[in-house]
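Below is one structure. I have some questions about it.
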Amino acid sequence: MSENKKQSDEAIMMKIREDILTPMTKFPLSYKIWIGSLLTIIAVAIWGYIIQLQNGLGETGMRDYVSWGVYIASFVFFVATALVGMLISAVVGLVGQKWITPISRIAEMIALAFAMVAGIAIVADMGRPDRILNLFMHGRFQSPIIWDVTVVNLYIFISILLLFLPLLPDLGIIRNHMKKDLPKWQWNLYNILSLGWVGTPGQYKILHSTIRVLLILIVPVAMALHTVTSWLSALTLRAGWDSTIFGPYYVTGAFVAGSGAVLVAMYFIRKAYKLEDYITDFHFDKMGKLMVLVGLVYLYFNINEFIVPGYKMKAADADHIHTLFSLHGEYGVMFWLTQIFGLLLPITLGLFKPFRKPFPMMLIGIAIVIGAWFKRVIIVVPTMIHAYLPIQNVPEEFHHYSPTGLEITVTLGIMAMGILIVSILVKLFPVIPMWEIAEEKGVDIHKDL
Amino acid sequence: MNKLIKILSFVSISLLILTNVQAQEWNVSAEEKAMELGVTFTEEIQDAGNSIYKKSCKMCHGDVTIAASNDRELPLAPNLGATDWQKANTDGEIFTKITSGKGGMPPFSGSLSDDDRWKIVAFIRSNYDAYIPPNTNKAAEAPKVEKFAGTIKDIETIYNDAAQSFTVRIIAIDDNGHPAKAKGVKVDLFVKRYFGNMALFEGERTDENGEIVIEAGNLKADNEGNISIIAQTSDKSIISKKNITISYAQEWENPILGRNIWGTSARTPIWMLVSYLVFTFGTLSVLGWAVFQLLRIHNLRER
Amino acid sequence: MSKKITPEATSRRNFLKKFGISVGGATAVTSLGLLSSCVSDDEEKVPMLTTDGKVINSDKSTLKLNLNEMQKRSREGLSGKKFVMVIDLAKCKNARKCMSACQGAHHLKPEQHHINVLQTENAEGTGFYYQPKPCMQCDNPPCTKVCPVDATFKRKDGIVLIDNERCIGCRFCIAACPYSARVFNWSEPKYYEGDENAIYDMELNVPQKKGTVSKCLFSADRLRIGKLPYCVSACPNGTYWFGDANEDAVTNGTSKETVRLSNLLSDNGAYTLLPELGTKPSVYYLPPKDRMFEYKAGELNYLGEEEPKGHRS
């Protein structure tokens, strides 16, 4: 190898290290305020949850008829968003798209964080969280909840590995170059986590093959995760849930929600870390196109999900459809706002290049994420206000559902927890896979960088 | 304020109930009062009336027992065997009351035919010794039922497995102490059930052989094919209990056994268990392999 | 709630509690049962049905059962039985004695219904009638299928029970039940005197527990001692028939008349609720033909107060 090449490699690596590792060592005021406010929300939510624990779920707006509310909707939303890890890294990555390299780690971090808080949302919804071990002591293999618990944990496990494995060379770089820039404990942490990475061809060989196997494995596991989540509804006899396409409907919906979340995260991380050289307009453009693609697929499933029962108008389905479609229906306004701002508008705008610029993409991403959350409420709640038999001899509040302040606080707290995990992960680890960027730039990475 | 409304509404409801139950008067026209008993006053008709009474009236009025005046309080409806009540009401009045009801008593015009309602009147009147049937001629035309004069000793029940029929026979002696065939004795036959005795027949009269034969038709028995039956004279002077065994015993099917009805028990269908375990442990083993690869990477740390 | 209990009352209550018999329930039944001829007041001997189907008369004092034994017994159920209920809609006049007896027995709040008398019509304009709706005790229960911890389960006598010592409160069963038969203890349940020391009786689901699901159990505790359910014996109008399908016999809760189940069903054109869902209910309805009582448009609200006009969801 020529001396010139060595020098240019070293120069490229210097720049990459400078660009990506420097933000990790800085804690600007904005970051502190951000973390502080997240922690405040979480603290208030914990206080709310303690009240809920003491007084029971009666503190929420849920009652005997609408017995699942925003907690379950949030659970579905978190699981949906978590699926983006599989979409970006596995589906897009495995078909050979190179542009995902700088955003794949962001996607993995979102996936891990949201898969973890999904479990918290479920615990918040439980009437007897103290008996959670019953799931292991008395678990029934016939129950979709057991399947869900199993597959959520498997997904978290895979997400951790898929986040950690591509981190190894980067951890090696940090260990080699950051000893004096970092507190001792932090450097020790990276030292241990790097597992003695020195970048030998043998290590790379193992790394590549393992990542590849995991990327293949995450596809069925993620599909199973969201399909099973959809079955929590679809395996019941309720009108509005009793649907055969709920599995793919949820999975494609998850892709939309996930790409929205990635767009937002990309924008703010790029801005905070000044990563304009790495996450470029080109990446927003590509992500926008991906969003339009998955949005169109989701739109197709939406059409199926609503037109088919809407055409037949079976008695119970008809009640459900009226609630959603009619603007006078209880959920009519929410339904149309969700569909327009969460799906139709993003798809339409995403078709035009000017809207695939970073800033509009971020706004569209926010609309998608908010829409995705409300869409989960639309999926969970309206079905339950239509029981097959009349709802009578119960107080007025049993007929409808409106979440209480406490319920919303706890939900926001869980969301804040997810965002907090992402915020900590992006501070703790390089958000851009340095070695992959270096490899793309032609640096010989088969050595201790 | 709310409390006040609650109290007020409670008071008004109580008043409403009271007016319904007590203050409201029977509204029977003179014409209706004058109606004559619409059926012949025979024992057969009275028995028929009794069985309708049991189904439609007994739940509120209870058994009709002869008493001077009503001996029951609300919520029980009055004893229709009260002599003063019987004296005060004409046949037509009783009939009209059954027909149109009042307050807590429903109108039976829809659920019972005219004939059935008259039969109830006939039954009620059979508990009133001073009652004179309106058309005695008609009553005279009806065949008189002969009452058995001898002494009833016992009741015997024979089960015929082939025909799935019961023969209930009265064992009796005549005045001379000789075995006799007791004709015209009223007999009941019950099958013992978990919450009560189920009548195969009630108040039936024995034929000239002193017997009643009834086809039971696929009577359900317990696992061993046993059925407990009770035969008695309708006046309950002789009661005979017996266990019989039938040949067509039906095996009781435990609804939760078998893996096919997987939803109802802790048993998991094998296909589901295998799918679950293969998926879970398949994934876990790949993950375990991945962790092992980390170890290999670690072992390669020295160049 | 007053905690003052006289010593005798306490001892009597504790005494009864040990057999899983609630005082509330017992008094509700004796006071509401119009013809209590079949309700024996025998304090010394209790007829008990063993798990292999034999009836034994046991001395009450020998029947001290602990929680584990009660749980085991309750999960097993009565052998050889298949309990069914037949509801004669022509007889129901919305007296709601079933509802109050049930709520008393199971320590429920006014808005919690194991049995609920609905005002319903079969199709628009065909006229309303009163329809008592207990749990259907389905033979293909959608609720037990989804339970993650086997807290709700079907017994061999056909009853679907719930173990509130195990329930994790996920409410999947509530979502799965098409008959809305299940209720949840959203907050502290209504405790009765003595509930705090009571041994939990799964067949009565008393004491109720916060954060768990509750539902109609066909009064499994009463069936064990050969008595009709609380609601059935409380009805003043002869609406309910209850019995054992294996014996092909049902007994009327009011007149105590026992008839053949198969005849009763076929003679009256009986039907089950939402049969198209394939849940195979154990509760049959007889059509509201030749009604004994007229339907009144006014409605009582859940506290039993009158409301101006009926509303349906």
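Labels for the chains are A, B and C, by order of writing; each one numbers its residues from 1.
Keep in mind that, in the parts below, a contact is a pair of C-beta atoms (placed from the backbone, for glycine too) under 8 Å apart; a residue touches a chain by one contact, two chains touch by 3 or more.
Everything numeric here is computed off the predicted structure, so don't read it as measured data.
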Chain grouping by contact, computed as though chain B were missing: one piece
For this structure, which two chains have more C-beta pairs in contact than any other pair? A-C
Chain A to chain B, mean C-alpha position gap in Å, rounds to 63
Whole-Å distance, C-alpha centre of chain B to that of chain C, is 20
Based only on mean CA positions, could you tell me how far chain A sits from chain C in angstrom? 45
On chain C, where are the residues touching two or more other chains? 142, 145, 150
Residue numbers in chain B touching two or more further chains are 262-263, 266
Junction residues of chain A, two or more chains touched: 140, 142
Interface with chain A, chain C side, in the complex: residues 99, 111-113, 116-120, 133, 142, 145-151, 166-172, 174-176, 178-180, 182-188, 210-213, 273-274, 277, 279, 299-302, 312-313
Residue set of chain C touching chain B in the complex reads 34-35, 38, 53, 79-82, 90, 93, 139-142, 144-145, 150, 153-156, 158, 226-228, 236-238, 242-244, 246-252, 254-260, 290-293, 305-306
The residues of chain B that touch chain C in their complex are 6, 9-10, 13, 54-55, 58-60, 62, 75-76, 106, 108, 110-111, 191, 193-199, 219-220, 222-223, 250, 252, 254-257, 261-266
Per the touch rule, the chain B residues reaching chain A in their complex are 262-263, 266, 268-269, 272-273, 276, 279-280, 283-284, 286-287, 289-291, 293-294, 296-298, 300-303
Sites on chain A touched by chain C in the complex: 55-59, 62-65, 67-68, 122, 125-129, 131-132, 134-135, 137-140, 142-146, 149, 232-233, 235-238, 384-395, 398-399
